[in-house]
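Here chain A shows up in two complexes: once beside chain B, once beside chain C.
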Partner chain A sequence: MSMLNKTGETQHEKRGARYLLGMMSRKAWIWAYIAAGATYIATLMVVSSSGGAGALLYAAFTFASFAVIVGVGQMFVVTLGPGNVDLSIPASMTLAATLSLKFMATDGALVVPGLAIAIGVGLGCGLFNFSLIMLLRIPPIIATLSSSFLFQSLAIWSNRGLRIKPPEVLADFSTGGTFGIPNAAWVALLVSVLAWCVLEKAIAGRWILATGQNKRAARLGGVPVNAVRFGVYVSCAVLAGVAGFMLASFSGGANLNMGTEYMLMSIAVVVIGGSSIAGGNSNVPGIWAAALFMFLIVSMLNSYGLGAGVRLMLTGLIIVSVVVLASKRGRRV
Partner chain B sequence: MKLKSMLLGAVAGTFVLVSGQAMADTSEKKIALSNNYAGNSWRQAMLESWGKVAYMAIEDGHVAAADAFTTSENQATEQAAQIQNMILQGYDAIVVNAASPTAINGAVKEACDAGITVVSFDGIVTEPCAWRIAVDFKQMGRDQVKYLAERYPEGGNLLEIRGLAGVFVDDEISAGIHEEVANTDFKIVGSVHGDWAQDVAQKAVAGILPSLPEIKAVVTQGGDGYGAAQAFAAADRPTPTIVMGNRRDELDWWKEQKDENGYETTSLSIAPGVSTLAFWVAQQVLDGNEVPKDLTVPFLRVDQDTLEEILAETPVGSVANVEYSLDDAKSLIESAK
Partner chain C sequence: MVENQKMIGTQKVPIITLADVGVSFGAVKALNDVELTILPGECVGVVGHNGAGKSTLVNVINGRLSSTRGDVSYDGEQSAADFRNALLARNAGIRSVFQELSLCPNLTVLENYRIPYRNMPRRAWRRNAASAVRASLDAVFPGNAIDPYSVVDDLPIADRQMVEIAIAFSRRDIDARLVILDEPTSSLDGAIADQLLAYIKKFCADGGAIIFISHMMGEIFDVASRIVVMKDGFITQDNDARHFTRDGLVDAMGHVVPDTAEVTGAKRRQEFGPEVLRMENGLNARQGEVVGLAGLAGHGQAEALAQCFLDRTSDWSASRDPAVVFVAGDRSRDGVMPLWSIMRNLSLQTLVEFSRTFLVDRKAERKVADEWHRKIGIKTDDLENPILSLSGGNQQKVLFSRALASSAPIVVMDDPMRGVDVGTKKEVYRMIRAEAEKGRTFLWYSTETDEILECDRVFVFRDSEIAAELQGDQITEENMLRASFEMQEAGQ
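On to the complex of A and B.
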């Protein structure tokens, strides 16, 4: 009896462990959270001032927000399966920010139409991308790369690189906070909750996953594959437009090179966040962890006073290890 | 008949000679600008200055053409191909802002061998046959610390904002800063890379601030001062003396602070109009003047007293600029001899 009990217990424990592992495997994003938490704690070791811990977290949430907004868009695109990636995100951000800030011309009354312009530009960029991919049958990587030259040139042509300040109210909003959380983070949170609902609760999310897992099977199964791709590319560009608008308002104007770092960043947060780069499997919470991690790791290495060479090398190494860990757990044999 | 045509030729020859003396000898010459990058406000102002001065120069009959070409990808291979095209197109001089100091040397050599004058500026090339209008970036770093040492003889903590990691300019400015800091009581307590962009600098500074003690001053490389100021304000920390880089938003912020609380700082950078200096140097070489191969660009500096004046001349969203004239180029050449 006691023997039986014991084996039962160990079996139960084993099952518990397996359950935990199973949960881990379903939630690859746990590793990104662990990594973000570890870097945060490591940075705190050298934080001297009192209140520094809060300030660091506040800054992390502020800057992670922009990466989250573009990351969510990129995640949907990547989910569509191998070869799907939007490389025009930086250019779409720049174009949307440049045109909307030029239109508002620091006039606080024009914030709403300004935002509409940013979204409209995003829509336009997305439509253009999709028409290249769909109508001209150009592979997405090449299509979005070439359209990004076009968007960037339009941005240069429209304003010649002049940096126009955002309206006062908009600048105050994007740099401010509500209930102790940066407003930029609230926006990113709203975007991610919406994205999560679409992905997990709506039929559209199932369609996206099905398309990413096997396009042919999805089409045969009655999924409107082209409509799904259309929606995904357009919403990715719209999110890029919104992120550009927010970032320009936050940092005091649109720069021609403001989007540059979001090219790699948008892909990095998707991969580190535990979404499958091969598509067909994605998650929203991981994007947040990865975005926080990407900010904190630079802060940590800066705070430890490491040189640029060491810093870039360590950043690369740490990212690789997180991705390896996350994908190991995520692989089902 | 033969005699007649010879006579005619001689007459025409003297006529050309006489008219050549009246106008510049370079009036038939064509100059091209090979530019590697156009994606920021400094480069845009640089191209604009070139366009303005080139237009005037053509109007005044100094040169026949002065076309600007920019590569799309900031790649040395692309620029090398571009220069080869320019050789085929028959330009007499090529002014280059190079993607790499060494990688387009081959193309530059080909141009020289074809009898074309090559003048590099800002992004210079090491090929000996080309002229170089270089920036003394180390001096730019030293000057910042010198200014701060005058203001704060007692020293203090410095935060250094660097440019793009791995780029020659970034290493040079930083080396200048560190050399000069060694002679003072200042201590660099933190260093971040701001990539010469306000938003990147803001992000990097916000990330390192919690771990830093009180900061007396911030040394920068240009295009990052406003972002640093924003980060300090967001963290509710006292604003240090931030050395600026002549961008309009930086100068605007400085003016605001100056009016509000008498904030003092300095600002220095290279005027984008340096492209026009290179233009005139190329013209001088074509003109047959003896020009030393290595010239140094003067800094454009904004001080507490000149702030308002320069601010008034700087277009909104752009960079403080100055366009150089033929006389400026001549005096620069004279001083280098």
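On to the complex of A and C.
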């Protein structure tokens, strides 16, 4: 009797769990938030000092913002479908930061034109990438990779290995906060809200998603696919330019390897965030969770006192396993 | 090898015998009650419509398909339908040349020769293969300059076809005794085709057998000693070639659809607006007209339609009043967005038309979707359901709605009735008629004759060119067939 009851109960529980799982797999980004939350708690367990919780969160949001900005751009590119990825993000960041900071030359009055230059450099990089892809019909991976060498060389040529300092007012802004939230995070929030609106509300978003699912069908359904691809590659590079500008201001100057880690970061954030690698399906909230997770995982391993080698290895392992899990879910369609 | 040679011509043992053979794919019967015997020295011409069962017949003979009913026997031996048919066929010396080229494009010619020749001696095989291919090429197509060491992908399409034919006739451990040629001349020019026909005659005179499938009546009458006519999976006629005339053959192939005659005659209008479309190949349409594109499948109709659409729309901008919209027939390739809901799929084309700003007007979208849901009867409770939850026919209705909801004056339809049931078909015919009355122009490619019979004017395509333009009472199945199987003497 009791046995019967027990099995009945477990079955019921199982059904409940399955329901929950089903719901969660529909909103893929929930997983990223759960992972970020778990990592956060795991880190707090070793960070004993009071106020650690708030400080950790503040730092996490600051560093996540840069990943969010480039991640949003990369997300749009990945949404265009298999084979679409922008590998020139780090180089675009470096080039935009170098040129704009060099132009401002620590003069606080030139911040706005400096930002315009960063955006302009992003535009230029995006145009160059797209013209390689479109006019010369080079696969995006190779096109963006090769153009990234070009951008990087331009940056080297322009700054000659020096660290260019940002204007003081800009450094203060990017390291400071408003209403207890880092300014960088506000910018990233603005970017992601805009991206969400484009994706969910605008015609352009429908077009991007349609192109990513089936380019030919989209074209025959009246979608101007070239304009869509153009817009996506250019805005990705512009976002990289903005991120580079902010990162350089935040970290006290533009240097040549400032963008390096954002190559992997931008892609990892998209995938962990629950966007489909196969294209046509993407979401903005997941980017935030994934970016927070990526920062927290490093600080967790740090606070557990693991050496750099172990830390890197574990980071890699965790990313791989999340990507595997995420792509399994993605395949359901 | 010597043994094989002896058998050719000396004994009248049939190379293959089909007795009461049937092939079904689930509920679909592709082949019914087929009786066919092929003796050495025969050249059998097989003619019939697309979907008449020619390819299925060929695949049963070469062992790729097992018959679901009846007996297949090679060389007079009984061989029940089993998985070894392909092996038995190969041992009987049966070889095939397929319509869609089946060489491996990344390999060289002689490597392609090596693939079907499984137990070729390894020693110096490249040299042997090269000389065998060379010999065969020279025998079939004297004067060609194809290098057996070249990669297939680098050859022009005609050369590839020649290579494939030459490989089929080439010397191996088991000699070719029955060669199946499925539209072998479709990519060859006249002179080369004549070489092939001459070789076929010689091959048959030496005791080999040929199954020759072609839509070119002239070729059939040139080489075939016997003609088999297929229709709807049956062999309807099987007789000596001398008993057929060209017109008789066309009549024998056609299937008669008398029941739609009254519909077509009554509804056809005579008055149309000005010409709204003219393409380089001569295809043209007037306002309010339903123009049909007929002919055998794969003769350039779909390409002409796609061209028509792509020329009149842009890769770079979407217009609020598009010139032309497209209804896809190949849904998964050209139409459906698999990750989306029914509503999103339906509204894709008209997004810019009903939205006033750059944002999607959700209310207007809902209104358009609801309207078409009702009008065309998409079977679903909720338009938010994924498109893939619908059956194929209902997905097709969504694609129809997507296009017809637009204000575009020209609607291009690429065989849009696949998987649509008869009731809906009638409904769609009626809608097309009503829209045409309002001044819309339809370009309609269809593989179904009764759909073409609905059109005001018909262009028959052959080899990517317009072979005939039919109007009014000229639009009959017979005329369409005649034009698609154009008699060859005019050209040569």
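Heads up, the rule we're going with is that the second predicted complex is superposed on the first by the 299 of 333 C-alpha atoms of A that agree within 3 Å, B and C clash if a C-alpha of one lies under 4 Å from a C-alpha of the other, contacts with A are read in each partner's own complex, and residues count from 1 in each chain.
Quick note on the criterion: a residue touches a chain if its C-beta (ideal position, glycine included) is under 8 Å from a C-beta of that chain, and two chains touch if they have at least 3 such contacts.
Bear in mind that the values here come from a model prediction, so they are computed numbers and not experimental data.
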Kindly say whether there is room for both chain B and chain C on chain A in the superposition, answering fit or clash. fit
Given the touch rule stated above, what does A:N281 touch, chain B (first), chain C (second), both, or neither? second
Looking at the overlay, does A:V225 come into contact with chain B only (first), chain C only (second), both, or neither? second
Which partner does A:T43 reach: the first (chain B), the second (chain C), both, or neither? first
So, A:V112: does it touch chain B (first), chain C (second), both, or neither? neither
Compare chain B and chain C by how many residues of chain A each one touches, and report the one with more. B
Between chain B and chain C, whom does A:Q152 touch in the aligned arrangement: first, second, both, or neither? first
Is A:R216 touching the first partner chain B, the second partner chain C, both, or neither of them? second
Between chain B and chain C, what is the tightest CA to CA spacing in Å in the combined model? 30
On chain A, which stretch or stretches are contacted by chain B in one complex as well as by chain C in the other? none
Show me the residue ranges of chain A that touch chain C in the complex, using the header's touch definition. 201-204, 206-207, 209-210, 213-214, 216-227, 230, 280-281, 333
Touching chain B in the complex: which residues of chain A? 43, 46-49, 52-53, 55-56, 59-60, 62-63, 149, 152, 156, 159-165, 175, 247, 250-253, 255-258, 260-261, 295-296, 298-299, 302-303, 305, 308-309, 311-312
For a test of understanding, state which residues of chain B touch chain A in their complex under the given definition. 38-41, 43-45, 48, 72, 162, 165-166, 190-193, 195, 197-200, 202-204, 206-213, 226-227, 230, 234-235, 247-249, 315-318
Within the complex, chain A is touched by chain C residues 306, 309-310, 313-318, 322, 325-326, 328, 333-340, 344, 348-349, 351-352, 355, 358-360, 402, 406
